[in-house]
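Order of writing sets the labels: A, B, C and D. Residues in every chain begin at 1.
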Amino acid sequence: MDSNQIEQEMKALVNAPHQFSFENGIVITKVERDLCEGELTVGPDSVNPGGYVHGGALVTLADTVAGCCACSRGGDCVTANESFEFLRTAGGPKIFCRAVPRKMGRTLRVIQTELTDSSGRLVASGTFTFFMTA
Amino acid sequence: MDSNQIEQEMKALVNAPHQFSFENGIVITKVERDLCEGELTVGPDSVNPGGYVHGGALVTLADTVAGCCACSRGGDCVTANESFEFLRTAGGPKIFCRAVPRKMGRTLRVIQTELTDSSGRLVASGTFTFFMTA
Amino acid sequence: MDSNQIEQEMKALVNAPHQFSFENGIVITKVERDLCEGELTVGPDSVNPGGYVHGGALVTLADTVAGCCACSRGGDCVTANESFEFLRTAGGPKIFCRAVPRKMGRTLRVIQTELTDSSGRLVASGTFTFFMTA
Amino acid sequence: MDSNQIEQEMKALVNAPHQFSFENGIVITKVERDLCEGELTVGPDSVNPGGYVHGGALVTLADTVAGCCACSRGGDCVTANESFEFLRTAGGPKIFCRAVPRKMGRTLRVIQTELTDSSGRLVASGTFTFFMTA
């Protein structure tokens, strides 16, 4: 399966109704070998009690984009664990996430994510470890 | 402010429309000094492509419950960072989260969370560090 | 191989000259199925510029004890990743570590550690994920 | 205090007898504003039972270098927490670490580290959060 096919199949799978990410305004926008991007459109229901984007929405964005990166050479995966740093309060209209590999092992893949807001400020970062199931 | 007042105010704040957590089926069920509990009602939109509860939904539950624990003696906080382990695939009907402190400092508070499914299996755990803003 | 044999073999392997942990005052004191304990004897070379036990010494203790716990049913492992929280400044004469499993999978094992000082105060905690190589 | 003074003072403080890092073969080699580098000279006592550099030695290197980066504009700090990924088994003769900020807040500073071996391979990475005490 070439990269273009992988991108089309992954977008069809993830950018779809009933996906937790999609129902919360998150879509994958780019899948290339070892690079994945996605974005969250901040809505009235994206927030925490402080009025900023909920940390859970940021982690959901990052986990989704990182998982696509882990599978960007093909295969299936589950998230084994992650660490995540909230660097600045985040607002709309959009949050962008970019994911690249630190390690693409046969069984474990480690993906680094960076999240920026619409003005380009780094608002969060996270590292995700995936277990390849296929 | 006594513990009962804190619980009532926190539930009014968090279990409310337009909160990212609440709109995704998450409510706080108990707030005591140094102990907080909450739950996620798994719905058709809670899932990932594998059909299991999305990791982002689990982290959202844990972050929300842990934040209430960090503020369970009063005060306000933001999440500084977290680490999270996905131990088993998770399904419905509900996921339960329990949060207790590892450290309740003046500025930093470290909260441990455990997430179990309806049959009592531990499905995930996470450690959250909060920065107290008030 | 029974638990007692595993304990003896593990102690012979880890509590030995040229091991980074052993040369820094760290020994394994107990290995049972799903439970491992060890301790660091704080010396004049255990410290950081602030005069407290160096974070690296605490992580070395925890990683060593957690690894023994991951292999406490047999097998070999390498650490895949870890998260670690420094809760209080730590001093001597000893630091104790206790490790128990959160998950004992076939390929991945997640171990929780708690570190206490000689007066029983919790000074640090960490979660380690191991990849089983045998 | 200018950058050159900070570098000299920091090296005098860290590259010194009885420091846990120094006694284990670790020195700081460069301190600039928002950039710090250091290295571990792998010795016969740097290893784990597998014969590779012990994870604790790698974390000690990274924590030491990251702490210097956090204080590279002046001030003092303690490590609040960290997450660390072991990407490949590591050997000698040296391990190099480079640390740069993700966030340089007044109270919290988040530093990213990358560790490479003598042939330039990325062997580990970690993210450290520091609490500024001065």
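Note that in this section a contact is a pair of C-beta atoms (placed from the backbone, for glycine too) under 8 Å apart; a residue touches a chain by one contact, two chains touch by 3 or more.
None of these values were measured; they are calculated from a predicted model.
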Most distant chain from chain B by Cα centroid: D
Chain pair with more C-beta contacts, C-D versus B-D: C-D
Chain B and chain C: spacing of chain centres that average the CA atoms, whole Å: 29
Separation of mean Cα positions, chain D and chain C [Å, integer]: 21
Gap in Å, rounded to a whole number, between the CA centres of chain D and chain B: 33
Residues of chain D engaged with two or more neighbouring chains: 80-81, 83, 85, 110, 129
Interfacial residue positions of chain C with respect to chain D in the complex: 13-14, 18-21, 23-24, 44-50, 53-57, 59-61, 63-64, 76, 78-86, 89
Interface residues, chain A side, partner chain D - complex: 83, 85, 87-88, 102-103, 110, 112, 122, 125, 127, 129
Chain A contact footprint on chain C (complex, rising order): 80-81, 83, 107-108, 110, 129, 131
